[in-house]
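Scrolling down, you'll hit the structures one after another.
Next, two complexes with chain A in common: one pairs it with chain B, the other with chain C.
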Partner chain A sequence: MLRRFSHQAWLNFKGANAAFSFEEFTLLRLLYPLVTLTFYVLLAAYSFNAENLTHWVVGNSFLLCVNVSLFTLGQGFDSERIDGRLRSIIVAPENKLVAVLQKAAFPMLVSVITVFAGFIVSSLIFSVPFYEINLWLFMVVVIVSMFAASGLGLLLAALSLMTDSMHLILNTMNYVLMIFCGANFPIAQMPAWAGVLSQALPLTRGIEAANMLFTQNNPAAFAGLIFGEFVIGAIFFLLAFLAIKYAERTAIRRASLELF
Partner chain B sequence: MQFLRVIWDTLRLQMKNSFVRPMFRFCLIINPVANTILIYEMFRNSGHDNFGTFVILGAGLMALWGCICFSSAGDINRERWSGTLSMIYTAPAGFQVIILGKILGNTLLSLLTLLISFVTARVLYGAFFYLPSPFLTLFSLFCAVVCFIVFSTLIAYLLTLSRKTTLYMNLIEIPIVLLCGFVIPISFLPPWIHPLSYILPPTWAVRLLRLSIQQTGNAEFFATLAILTLITALYGAASLLLYKVIDKQIRKSATLEVF
Partner chain C sequence: MIIEVNEFKRTYTTYKGWVSRKKETVTAVNGISFAVEKGTIFGLLGQNGAGKTTTIKTLITLLAPTSGTCKVLGYDTFRQAKQIRPRINFIFGGELGVYRRLSARDNLAYFSNLYHVPPSVAKARIEDALDLVGLTDKADILCETFSKGMLQRLQIARGLVNDPEILFCDEPTVGLDPLGARMLRDVLKVLRGRGKTIMLTTHYMPEADELCDTIALIDGGVIVAMDTPSMLKNDGESLDDAYVRLVGKKEG
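Let's turn to the complex of A and B:
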């Protein structure tokens, strides 16, 4: 069971990235995210006139996960449709939650590596004292946050069974995360509804917890944030599962499963 | 006359084709709104003078560049996927004229991003767009549009050589925004990056637009205009040269429609 799960998870990941050569994979997954991170941190340094850039390095490192968690994962079912594999997945006598988790496993792992590597490299560039914090705890925050972000990615992936505007939806969600997660400016300066939306999104609590490692020692609040992030992730995975079931039924009723 | 008709028809068709694509609609409508909110929130406590104008222009230009990246730059590849590349390549009207019409259509439609950025800042934040010399700003905008058209033509031709257009389209968006000073002045970047910024035409177009708003001396404005004209002409010449090279290579190796 576990072997089949890992085999399928690997095949899913390999299929999504097989079109890229090593150089292209490096450009897209490492260099480009790093340039994007540098851009937003520099923008923060200029706009806030800040010397200590820790908050923005942490926040934008976490946002690096969107490349994989949002864009790769979010287009998962769309690419299955294009490749003609969607029908087999839907009619297979397998729990759809397993199919969902298979798709998320390796992207989650790549996201964790990207965020962690992005954080270390950008910390070196912008002189953030990353060696002063407990990196194991930071890793825990990253893992839980990537779990939550992958949940959101999968929920969006389920939408691709119902709409053909995935580029629009995924790019919009990318901006929603950039604006409402508190990575680039304090959410408190926005209206109250923005605070509510912010709390319903993945990464918000993760970014806050990671920043807490630099600013204060409050284990109870830290654990609360991690737990909250995990719950948000679990809710998104559950919603993704329900959305896939709903999309499956709708598609079968309308015979539109493989329509573009 | 026929040249203008081809340009006009291609331009109209391109606007319609671009607008039906969800990704272009994102670049045209959602991107400027989101950019304006993000950048305005980052700058609202910055203490910069006339920052509303700076944000509107920066966010609008970022979105304009996004539209160019995800449309003009990939148009030749899109024609290839649609199976129409060989037809427009061999059409009596001329491939270069058709490409010019397409890029012109995209760029003119993309100018809406500046308006959307302004409306967003005005409605959400009550921000003002203060123009000390509207005529000078309009003239600068015209120069910027010409520059963007020439620059995107070169990129479109370059991407014709590649079969990984989507990848490169994604890769050039943020680096150009960063290098050309769309929202962060080049002087804020490390000095070793400056030469790279100076050889890119959008750097001078953005600088000209900013100078038209900042009410600096005429000498600096006209010096920037002269550099922009020169560098745009050089890129235009490079585009023509590149087209000839690509044309020769395509005819020799018969790879126009190879994926």
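Let's turn to the complex of A and C:
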């Protein structure tokens, strides 16, 4: 089963990237995210007049890899619909949630590498003391946060079976995460309802945990945050599983699976 | 009966405008009933927009009936889709539906995996299918360079990856050259010989005449005639003539 999963993931990745040369791929996956990251950190530096940029470098490098999970998963069915392959996937016995995960597996792997490269390069630029922290723990935080974000991405993928406005939905969600997960704006300064929202979103706890690696040594609180992030992810996965089942049946009833 | 359709009706609802949304309902299929016997080729013929594709999509579990029932292999196509899906497949005409940036072989591997075909079985089956549709030489070239007919040949191979008991073909010869079209007809006959059941739509009457054991003529969402090709034809008539007589009388 694992063999089939990785084979499918590889075929998906190959199909999505065969058009790019190695240089183009590297530029797109490494340089572009890095420039985005720099932009947000600079923005924060000037608008908050911050001396220490650690918080923003950490938060924004997180957002980068999470974007990949959100977008590749969220668009999973949409791109198949446009290319007329959705019917083959729906009619095949394969679980639809698994089929979308297969599509996103390699992009997510690449984005973990991106976030690491981005984190280290921007740490050098903005003098963040990354060499003082346990990079393995940082890696764990990244992976658990991506798991949680994937749950959200899959939940959105369910929507794409019923609507063709995925670009709008995904971009809105992206900004919601950017505003409310604590990467750029301190949650403490937000109104109460926003605080509640931020606690229900993936990433909030992950970013807090990553920041903790720099600011304080509190293993119990750190573990609690990681566990919380994992639970949020598990809840979103479960919701996504149910939502995809429901969306498939609704789409079959309403004939919204195909454009033509 | 391996396929049983009873009083099947399907409507589509579309919305127009975005200030005041107007609801519009189109009846694509308006209460049809038929049954297909195992090991036969069943033809569904009719004018553009008659409801053929709608019927096939419903039978392959891609669309729910608005009313009536559709049963495939004894299971309800909407409520028991899970039991049906591994045992059927389809070939649709047209260039969409394959990964253009993968080779033909990789495409077939991908679709085999979707059907959970064990790798050892899939490998041999993919080579057979490539050979059958005459793509062995081009198997490792990206599909974006394929011609229309080559893509259609790949679609045919795709429909065979799970060795389906029933194959649904919606205008499968679109874009094929004469040799390709004959290849497809031969494939369908071989499959029937092996006890497989085939449901076919086509606008090419000689093809339907040559292949089908039973033909249903559908017009405006209802069946206007259903019989063997020889019974549909009057003395000396071709199937084309019979079609014009049976379907054309309304449109004049």
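FYI, the second predicted complex is superposed on the first by the 243 of 260 C-alpha atoms of A that agree within 3 Å, B and C clash if a C-alpha of one lies under 4 Å from a C-alpha of the other, contacts with A are read in each partner's own complex, and residues count from 1 in each chain.
The working rule: a contact is a pair of C-beta atoms (placed from the backbone, for glycine too) under 8 Å apart; a residue touches a chain by one contact, two chains touch by 3 or more.
Only a predicted model underlies this, so the values are computations on that prediction, with no experimental measurement involved.
J.: Judging by the criteria at the top, classify the pair chain B and chain C on chain A as clash or fit.
T.: fit
J.: After lining up the shared chain so the two structures overlap, which partner does A:R4 touch, if you call chain B first and chain C second: first, second, both or neither?
T.: Only chain C is touched by A:R4; chain B is not.
J.: Vertex at chain A, arms to chain B and chain C: angle between C-alpha centres to the nearest 10°?
T.: About 90 degrees, rounded to the nearest 10.
J.: State whether A:V91 touches chain B only (first), chain C only (second), both chains, or neither.
T.: The answer is second: A:V91 touches chain C but not chain B.
J.: First (chain B), second (chain C), both or neither: which does A:N49 touch?
T.: In the superposed model, A:N49 contacts chain B only, not chain C.
J.: Just to be sure I read the superposition right, which of the two partners does A:T38 touch: chain B = first, chain C = second, or both, or neither?
T.: first
J.: On the A-aligned overlay, A:H167 touches which partner chain: chain B = first, chain C = second, or both, or neither?
T.: Touch partner of A:H167: chain B, not chain C.
J.: Between chain B and chain C, once the two complexes are placed on the common chain, what is the minimum CA to CA distance in Å?
T.: Here the least C-alpha separation of chain B and chain C stands at 9 Å.
J.: Does any part of chain A touch chain B in one structure and chain C in the other, and if so which residues?
T.: The answer is that chain A has no such residue.
J.: Looking at the complex, which residues from chain A come into contact with chain C?
T.: Going by the criterion above, the answer is residues 3-4, 7-8, 11-12, 14-19, 83-85, 87-94, 99, 249, 252-255, 257-258.
J.: Could you please specify the touching residues of chain C with respect to chain A in the complex?
T.: My answer: residues 12-13, 57, 60-64, 78, 82, 85-86, 90, 92, 94, 96-102, 106, 109-111, 113-116, 119, 142, 158.
J.: Name, in rising order, each residue of chain A that touches chain B in their complex.
T.: 20, 24, 27-28, 32, 35-36, 38-39, 42-49, 164-168, 171-172, 175, 178-179, 184-185, 189-190
J.: Show which residues of chain B lie in contact with chain A when the two form their complex.
T.: Listed in rising order, the residues are 22-23, 25-26, 30-31, 34-35, 37-39, 41-48, 164, 167, 170-171, 174-175, 177-178, 183-185, 188-189.
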